[in-house]
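Consider the two complexes below, in which subunit A is the common component and subunit B and subunit C are the respective partners.
Coming up: the complex of A and B.
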């Protein structure tokens, strides 16, 4: 374990500027009443106190990204058609600075899917490898937070490279990965041994503030047993307006669509975030839809996170408990209630 | 240094030939432009590909030519949406993209030495064709081979150029059927499940492979059960809306099973294990 370092709050811009000289640095800033990750600008003070409205998902998995460009042409005396495809998988070096642990942990869920053995995703892997997460442990928790339900916590360093913890006057800084250790080589950072105990106390206080987590270990089997209980799912989804905010703001929602855009003979194939809450997501060309109602779709979203994914991936729940879907749902659908209701109903 | 394999990047292919099978089904025979890649290409019967018209999009189709005939890869496309409408405008010489092979395949090894009954309805004949021809090309490996292929009318029957050969061969038994009487039709008239019950193939040491519209599948399964076929002896292929084709994009799953990688081929026994979301 590397030694704990310390940076006073007023020195933070110095460190950020040094990082920004080498990479794209994304920090949480206020924009239109929300807190979102944007490129670091010394004139805009980052917001480290509260959790960002949207997680830094786009840093590695852009909302919209080119897979390749295409161009049709003609060649030779007989004007034979040609088609050229040009992929772009390169990613720019990026530092995500000041995400809460839940924002970084989301990529652990991505990794299992995008870095699989059979079809590793070159776009994701390039971006993941080019990105460093300097994560901020939570000094306060909100009533929508439930990271402790899903094996995480307010100081969870999983998925991060560096962990900052707010203490009096500044932050302690710990390297979590080898990649992260290289980032601590900056004169703004000093020895933090004297602050280590205070940092541990902050972490513990946040964890204690979350209280006890309910036992949802049976959620994979419980949700599967309720698959055909559409009355249950209609009840749970009654309020849902199928807006998809929960999926777009979710650090672990990794589904996408592929669409082409172009003019005539040239254009690009794009990958864009998609949402299983939309009717079109599974609509087939015949008109048939295996998930025709919002009850079917919410069942899939909750089922994927708390049943199918953990069944396929060693029990890992595909939710980091950030509570964004709860906080930003316009009609207060609460995934915590649904999972608990399912667990309770399955017990009978 | 070679770039890592990019599963989203299609191979550019040229259409060698097209066949207008019916008013809404068109067959495309394509070869990759990269001859080395074409020569190295292998697949198993039942595997699918994403056929792509860059600018419009791509959709999933079974490679319905068998791996024993590699002069070209054949896809038969029913016009249904935007991509298929675009594909239907393409002709010989035009370029397409192909991402293949994707998905699982028919359990051919388990079928060796057994009697085989194919039951195909409409465009559902396409995934059967690859295995059917593969078996004809390895005829000695299998027992009695029967094909029941039905369509609404004679005009809706795809692969009509091949039907004389299929019905004429003495080492297989081919039955064609249409839903209603039509002038000049020399074969059976009747719905597929009813004709199947008339044919009454013995279930013993036999595998039934079926594909077609959902309503046909439903009654064909009932007919096969009546004939004594066990769930493990019935094989079918599923369709879902797909984008990535590699188990990532998240729309073709039935519970934990991703039709694009774990399917499209399932036994009836396997389907019964999955949640009910077809």
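Coming up: the complex of A and C.
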């Protein structure tokens, strides 16, 4: 592990400007009451205090992206049909600066799906490899934070390349990956050994503020055992309005839909975020829908994160505990409560 | 007996004949109440009545078609129930309406801003006390008092119906009217003052952060197309899945047009928006037009037919024969 460095708060713009000269730099900024990741603009002060309303998911996995354009044509004397495909896999070098650990860690869940041996996704891989995460450890936590339930914490460096920790007057800076080590070469960064102890204290304080996590180790089996208990799922989903706020704001929700947008003989194939809360998610061409009600759909969302995914992926829970699904839900559906209810109900 | 206790008593009496009664209970923290579905007598004691009951429970009613349910409503929510009845989207015999006078609800976004101004995060709220005209929120050990008038939902500041327009069990004393004449609509006035290009820029700026979750649509009690919304339909293909501002704004315009003269301005679309986009103004603007043209207000009279759901050979305020 490289030595700890330090950057005073007033020097941050200097570092950000240097990074922005080389790549796209996305920072959290305030916009109409929400905090969203936008391209760094020295005229807009980034917001590093509380977690962003929307995570930096779109940096690597855009809400909508063109996979390729297509055009049908004809050639030769016999008018033989032709098809021209123009895939768009190139990715822009990007730095996500100031996301919380949970926002960066979300991509670890993606990686196992889109960077696996079986179905490697060239679009995702290109964007993932072109992106560096300079993450801000949490100095404070919120009522909706539960990263410690899912094997993480407010200073978790997993999924990040550089970890900043707020200390008096500035931030300590640590490289936490090989990629990250190259990013500390800037004159604005000085030796941070004197600040290291303070940074460790900040990390410990925010972890302590989260308290003890309940034992949800049995959630994969518990949720599976309740798969056919539709009364349980009716009770959990009664108040859900079936919108996609939880899924679209989730750093780990990776489902997508594919649509062709074209006219005549040419068009584009688009990939866009899908949401399992929506009726159309598993609607089949025949009209049959295996998840016809919101109870079936919420069961899928919770089951996927806390049962099916961990069963396939070495116990890794497909949730980073950021709490956005709780905080941004219009009716305060609380996934923590559902998981605990399932664990308790399965125990009988 | 308090309004809450009186409501509980009436609900307990009616519960045996009902599938469930929809109300509110305490949520995940002190600042958030959450919808409650009362299915057994033990659930009744979880019921809350007060300034944190921000949701409109009428949104759930059409999903209980064919079943008899109870619903606890504020005055504004009762207008949604009436509008649903007007449009025959629910059956009067299958809904039992419980209500009490409402002294207004808070706008969580305003509370959040007040706390931020005091250097606090609403995400650390520990305690909320509503005492007459003051809301006191304790966060991270610090109490911040805010006048209700400054943190109440905009609709409450202009409320004409603090008491349900239709109820089967209205308990306690009616709540007083906010004021004789409704105050001017500040958000509409601000938009009116803009030039057309400025207004377009305003909407493009705000819609840019829309995540297309459709919380605005799904929290709307009058959005009854549900699983058949044009936003996600390929036939008709009015909207693509492209996440451009144009597509996002197009959906909002379709939504607003579909609600013209049906929207009761409960504000759920805007409250539900996780990205704080002020989408209610679009519906308010159309409602103002409907009011001017047809002298009509949605959701106050079960027998009334919404003006855009009927045809009159000669409109009172549209003199097309003399054009």
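Everything that follows uses one rule, which is that the second predicted complex is superposed on the first by the 348 of 348 C-alpha atoms of A that agree within 3 Å, B and C clash if a C-alpha of one lies under 4 Å from a C-alpha of the other, contacts with A are read in each partner's own complex, and residues count from 1 in each chain.
One rule holds in what follows: a contact is a pair of C-beta atoms (placed from the backbone, for glycine too) under 8 Å apart; a residue touches a chain by one contact, two chains touch by 3 or more.
Fair warning: this is a prediction, and the values are worked out from it, not measured in the lab.
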| item | value |
| --- | --- |
| Clash or fit (per the criteria above) of subunit B with subunit C on subunit A | fit |
| Which of subunit B and subunit C A:326 touches, first, second, both or neither | second |
| Touching partner for A:45 - first (subunit B), second (subunit C), both, neither | neither |
| Touched partner set for A:121, first subunit B, second subunit C, both or neither | first |
| Which superposed partner A:3 touches (first subunit B, second subunit C, both, neither) | neither |
| First, second, both or neither for A:257, with subunit B first and subunit C second | both |
| Partner chain in contact with A:272 - subunit B first, subunit C second, else both or neither | second |
| Which superposed partner A:288 touches (first subunit B, second subunit C, both, neither) | first |
| Minimum distance between Cα atoms of subunit B and subunit C in the superposition (Å) | 8 |
| Overlap of the subunit B and subunit C footprints on subunit A, listed as residue numbers | 257, 259 |
| Footprint of subunit B on subunit A - complex, ascending | 67-68, 70, 72, 80-85, 87, 89, 113-114, 116, 118-123, 125, 224, 227-228, 254-260, 262, 264-265, 267, 269, 271, 274, 276, 281-286, 288, 290-291, 296, 300, 303-304, 307-308, 311-312 |
| Subunit C partner contacts - residues on subunit A that touch it in the complex | 31-34, 36, 49-50, 53-54, 62-64, 140, 142-145, 235, 238-239, 241-245, 247-249, 257, 259, 261, 270, 272-273, 275, 278-280, 326-334, 336-337 |
| Residue numbers on subunit B that touch subunit A, as the complex places them | 3-10, 12, 54-59, 80-81, 84, 93-97, 214, 239-241, 243-244, 246-256, 261, 275-278 |
| Interface residues, subunit C side, partner subunit A - complex | 20, 27-29, 32-37, 39, 55, 59-60, 109, 113, 121, 123-125, 205-206, 208-209, 211-215, 217-219, 226-227, 232, 234, 240-243, 268, 271-272, 274-278 |
